[in-house]
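The letters A, B and C name the chains in turn, as written, and every chain counts its residues from 1.
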Amino acid sequence: MSVTTTNSNNASSAASGANSPSQVIVREKEAIRSWKAPISFAVFAALGVVLFWILGRDAVSNFRLSTDTDVIQLASVDLPTQLTGIVISLALILITAYSFWLSVVKRPTPIWVVTVYGVLFMVGFLTWAGAGESILVPGLLLGAVGLSIPLIFGAMGGIISERVGVVNIAIEGQLLAGAFVSAVVASVTGNAYLGLIAAMAAGMLVSFVLATFSIKYLVDQVIVGVVLNVLVLGLTSFFYSSILTENSSLLNSPPRFDRIEIPLLSQIPIVGPVLFRQTLIVYLMYIIVAVVAYALVKTKWGLRLRSVGEHPQAADTVGINVYMTRFWNVSLAGAIAGIGGAYFTLGSVGSFQKDMTAGAGFIALAAVIFGRWDPIRALLAALLFGFATNLQSVLAIIGSPVPSEFMLMLPYVVTIIAVAGFVGKVRGPAASGKPYIKG
Amino acid sequence: MSDNKLTAEVAETKPAPPSRWNVALNEILSGSIIISILSVVLALVVGAILIVLVDPKVATASGYFFARPLDTLGSMWDSASGAYSSLFQGAIYNFRRPDFASGIRPFTETLNFAAPLIVAGLGVALAFRVGLFNIGGRGQMLIAAACAGYVGFAFDLPPVLHLVVAIAAGLAGGALWGGIVGLLKARTGAHEVIVTIMLNYVAFYLVSYMLRTPGLLQAPGSNNPKTAPINPNAILPDLLGTTYNLNFGLIIVIALTVLVWWILSRSSLGFQFRAVGENPNAARVAGIRVDRMYIYAMLLSGGLVGMAGIIQVLGTVPSGFSSGIDAGIGFDAITVALLGRARPWGVFFAGLLFGAFKAGGFAMQAAEGIPIDIVLVVQSLIVLFIAAPPLVRALFRLPTPLGEHKPVSLRKPKLKAVAR
Amino acid sequence: MASLPASFLGPYAQVSNSFFAPRHTQSRLRPMKLELRGITKRFGTLTANDHIDLVVQPGEIHALLGENGAGKSTLMNVLYGLYQADEGQILLDDVVQYFSGPGDAMLAGIGMVHQHFMLIPVFTVAENVMLGHESTTFGGRLNLAAARDKVRTISARFGFDVDPDALVGDLPVGIQQRVEIIKALSLDAQVLIFDEPTAVLTPQETDELMAIMRQLREAGTAIVFITHKLREVREVADKITVIRLGAVVGEADPAATNEELATMMVGREVELTVHKAPAKPGAASFVVQNLTVLDAHGNRVVNNVSFEVHIGEILCIAGVQGNGQTELAEAIMGLEPHTQGVIELNGESLRGRSVRHILDEGVGYVPEDRSHDGLVGEFTIAENLMLDRANGAPFVKAGSLQLKHLAEFATITSKEFDIRSQGILSKASELSGGNQQKVVLARELSRELKFFLAAQPTRGIDVGSIEFVHKRIVATRDAGVPVIVVSTELDEVTALADRIAVMYRGSIVGIVPGDTPRQVLGLMMAGEVPAEVVA
């Protein structure tokens, strides 16, 4: 970072301000140059040039946009691999140059530029990776959404919990508890809905422990979260090995939710089947994301929640019960994450497996941070991470030029880059992670 | 978390010393030792309840509970006591063996399991003292194991030298993986909890990739994601002959415990570490280079945790390893460090305890068919109880010590701006 | 889910009978009398309040005068429901009140303007004002329009100019305080507590605040005015209650002199002036030229500042809190990342050097927030005394701590600086504010200094410690060290300074002699440059 002085008119502003001290003051501001965006761009542009251009493959990449069952059939698209790679590389270089120029004149790189850059890079990558092959776009997206669902629920739980001031590392535990309990309850009762409710209760139970230890006993929230993950993993594995495996027909064969097709909407090309031919849990996700995004900003609940997460003492002095606000909202967060857990057993896999969440809770946490504690951004981040994971398996089938492990790494690397500040300033709720002690 | 050792040392120069006794008495009165013991007991009780719950014999007996209630209670007792007795015999001393030499074998197993736990716990504890939460044990272990393992099987060096080079490579790997975290924290303020969690996965996939790639870590001529066996010259020598599994790693671990104790309580570096851990702002104003301390601390922490990976590949399983080589030690290390209250010798004994749980847990699984996962449950419960003394005191109706309302926190408020 | 939160999400959500009408529709315009009877509050072995009685009539400004740590704030926190008293009663119009939290106190008609504003920086003014008693429309949606109206109505009543939609974090402190007042009045408080309200204000803003207080008094509000500033008490109070060491010493007459009030407050005769010989300034050894500091958002918090400090003189940097003094001091110490200009000590440039280097050059520094920046609370006194010499002589040899040497040094130094404690192994956090400050002072002054910078050296400490600190600062000057004292307390500035530089919004308005009249300094602190200074 470097700093330069621009024209200063401090003498006049000081003098004029003095005559009317109660006026709203416009402070003199100076931009601080940040090279983070252009440098990140440059790295990816270089990667693009090497992969898409220099290592460009002379073939045609085919993108199928419709499945056979779609009502409206779209023609598939053929892109010449090398030419597309060169065009996209040039575009990436141009955007990088633009970003450098913005930094020189001390302006930040706007978010839409980052988005355009990301989409371009992804198209370039898909074209390059799918050289001589055919990629079914709706299938790719459907798989991505499927993998994203638990991440999104986990992320919503994480957002509510962190915005109210309790760091939630225990998302993984909440997901796993939800998955386990929903499998058992749905199996025993034969009712998936009861399983879903039980999953919420299970996630809430994990939250109770998190809340009690961090709010009542003032234990470091990160420690409680980490330990809770281990505890839930230990408990579910213990019961799985000792009881579930022997009685799997009774205890571990839950009914699954059926897909519900929404008329008309499900017939929209590409996105229709992806978004509107889904199970109840997915529709529930749409509702929860919308409600959380709205209520966090517009309602009394959201205002109080955020006030407790930003400045608990201020909230206390206006009569808001900080402890209870935290307790119940952390519990709510657990219930939402629990639904995400139910998706594993009632939505996708169909039975409980040992450690079946396999780190999804941590990716959800990554989505929270990458999404800057905002529901909509976190939703997008979770979709991105789901997309990357699914892309890996799709590419593995068509014979990927990139080792699948590197694709699987992507969410984690992206998050590290995000928290290191290369994607803009990441600021969490001010009081998140701090126990509140009265007085 | 100021160091009592220093306190005791300085006390000697005072005319009327408050003496070590006062310090010890205070420690007992404030209850941290009692709390630790009670936490372990409590966790074991909960473990016993779980064992009893899933025991089919108990379930059968409870079927006719009202007819013969004693049967139910008896089978409950059998279930729990059988489990814990096999745990004890698998961890400390096996009474069914004829002589001491073979009876004590389980204890050497305990030591063997404890060695990596202790050293990884030391790494986590050291980071704690600098105010950093290193959850990246798994990644640091994997990278260290990969480095040490690669040198171990791919190089051909004379004895001793080969071992030293392999260990050095592993330490460098672990330190590097930890150092990245310190560097990012120091330069950009990135939160180490997030970065270490993410680096665990990056390391896992990286090592997985190398393990299935010929020429990197995969054993030549094999299709399995597993390395070749370690060259005998690079294997940690046995301590007590071939009868026991115990290897030289334990000696290294004891030496490292002493070293970490010295660093934290007797060295200038440790003083600066602790100052940063307690109040990074005051440390910075007093001219301590907080960003460097973060980097040094994470290098050391990563190296120590990496040492656990090294002991795994060069000592415990020298026949070649796969991506599960960390065996959960990276996470266990956190519980070890917390149980040991981030004090080197506390960590040492906490590591011994958890090593015993591991050794005994396997014996228990073999003898009684109780899943080893119960150990995870007991360990995490111990840490939860220890972190919340008021809860344990309430359960056992102990008095509350005066002036106890401070939060159990190992992390401190963030620094305003370290990046320059 | 849409309508669930308010009722489902917890017991804290107060049940509202009507969706559309704001709560608290009936205003309590009837003035009230406040009475405290025998309030006692203990923390462990410490008795912060000892059977305190206090009566405040409606339409009365009742000053609560006491030293730092005398127990004023504890008493007010009891009154406001933040603490529960161990003994005693709170009565409003002779009715005993039970407050389980601030919410109860607010509903009973008690409002508080906090010393550290209880405002959420990322919320707007309207959101801050409505927080805790939000009016909502259908489904728990916030009725922001009503809140804006409320802000405008109250603003109009007192002639404030506050934009309800401005983010509080963007407002200057003077305006933020008005938001606090609006917040307190938005529930029609009939008893209003002002906790050290003038600490962040210019003398002019202080005058305006006093006018507001008088206006409220005319409307019948009972006002409790907590302060340790004698001048303000005498100017505005109708009645004065003095408390010392947690107990009421007595009532004082607003017509009493400064000396009489100070004696009551401290319990002994107090020297209000600092004895010092006229300065004998030598060469200008510490020089700052065209220094500019930017904060993380690019705000110019220090703007093109130049001055020099001579050997054997004290330059005081005066100004209201938040006008760049903090950043100036931190920039000198190498603690601010975005700094440009010249900082030189004896011709040696200090700008861009590390804190370590600057300390090694012989700079002593007392940071303004001692518990945040000055001390490691969990460390012993001894450890704190070596904090700035952690990696070299005399306490470190070959990377190893010299604990014996440290213990000797700490014992001697504690005696010399009158640090009162259980011994050098006491934790710093267990010391009183005054003794903590002496630890910092001892650490810095026990090095060989070529320049000494003390920021707010007496903030929040008792009068005895203040006298000690002032004496040591003057002694340091007399030993031939150039000294800068940054202070927001005009009394301290006029007592210590040989010359005074006044800062306003990041710039130095002017540098004037130490005996400049207060009125002139007051104008300068508001950014005006009086004609006599220019000439």
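Methods note: a contact is a pair of C-beta atoms (placed from the backbone, for glycine too) under 8 Å apart; a residue touches a chain by one contact, two chains touch by 3 or more.
Since we're looking at a predicted model, the values are computed, not measured.
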Selected pair, greater C-beta contact count between A-C and A-B: A-C
Relative to chain A, chain with the most remote C-alpha centre: C
Separation of mean Cα positions, chain C and chain B [Å, integer]: 45
Separation of chain A from chain B, taking each centre as the mean of its C-alpha atoms, in whole Å: 31
Geometric centre distance via CA averages, chain C-chain A, whole Å: 42
Numbers and ranges of chain A residues touching at least 2 other chains: none
Residue numbers of chain C (touch at least two other chains): 296, 337
For the chain B and chain C complex, residues of the former touching the latter: 1-2, 6-7, 9-11, 13-14, 18, 266-269, 271-272, 274-275, 278-279, 281-289, 402-403, 417, 419-420
For the chain A and chain B complex, residues of the former touching the latter: 169, 209, 213, 217-220, 222-224, 226-228, 230-231, 233-235, 237-239, 241-243, 359, 362, 365-366, 369, 403, 405-406, 408-409, 412-413, 415-416, 419-421, 433-435, 437
Complex contacts: residues of chain C adjacent to chain A: 1-2, 5-6, 9-13, 77, 80, 82-83, 101-104, 106-107, 112, 114, 118-123, 127, 130-134, 136, 139-142, 160-161, 163, 166, 171-172, 174-175, 183, 202, 204-205, 208, 292, 294, 296-300, 303-304, 337-338, 340, 504-507, 509, 526-529
Chain B partner contacts - residues on chain C that touch it in the complex: 44-45, 296, 333, 335, 337, 354-356, 358-360, 365, 367, 372-380, 382-383, 386-388, 390-392, 396, 399-401, 403-404, 406-408, 410-411, 423-425, 427
Partner chain C, residues of chain A touching it in the complex: 1, 3, 5, 8, 10-11, 13-15, 17-19, 21-25, 27-32, 287-288, 291, 294-295, 298-304, 306-307, 310-311, 313-321, 324-325, 327-329, 332, 430, 438-439
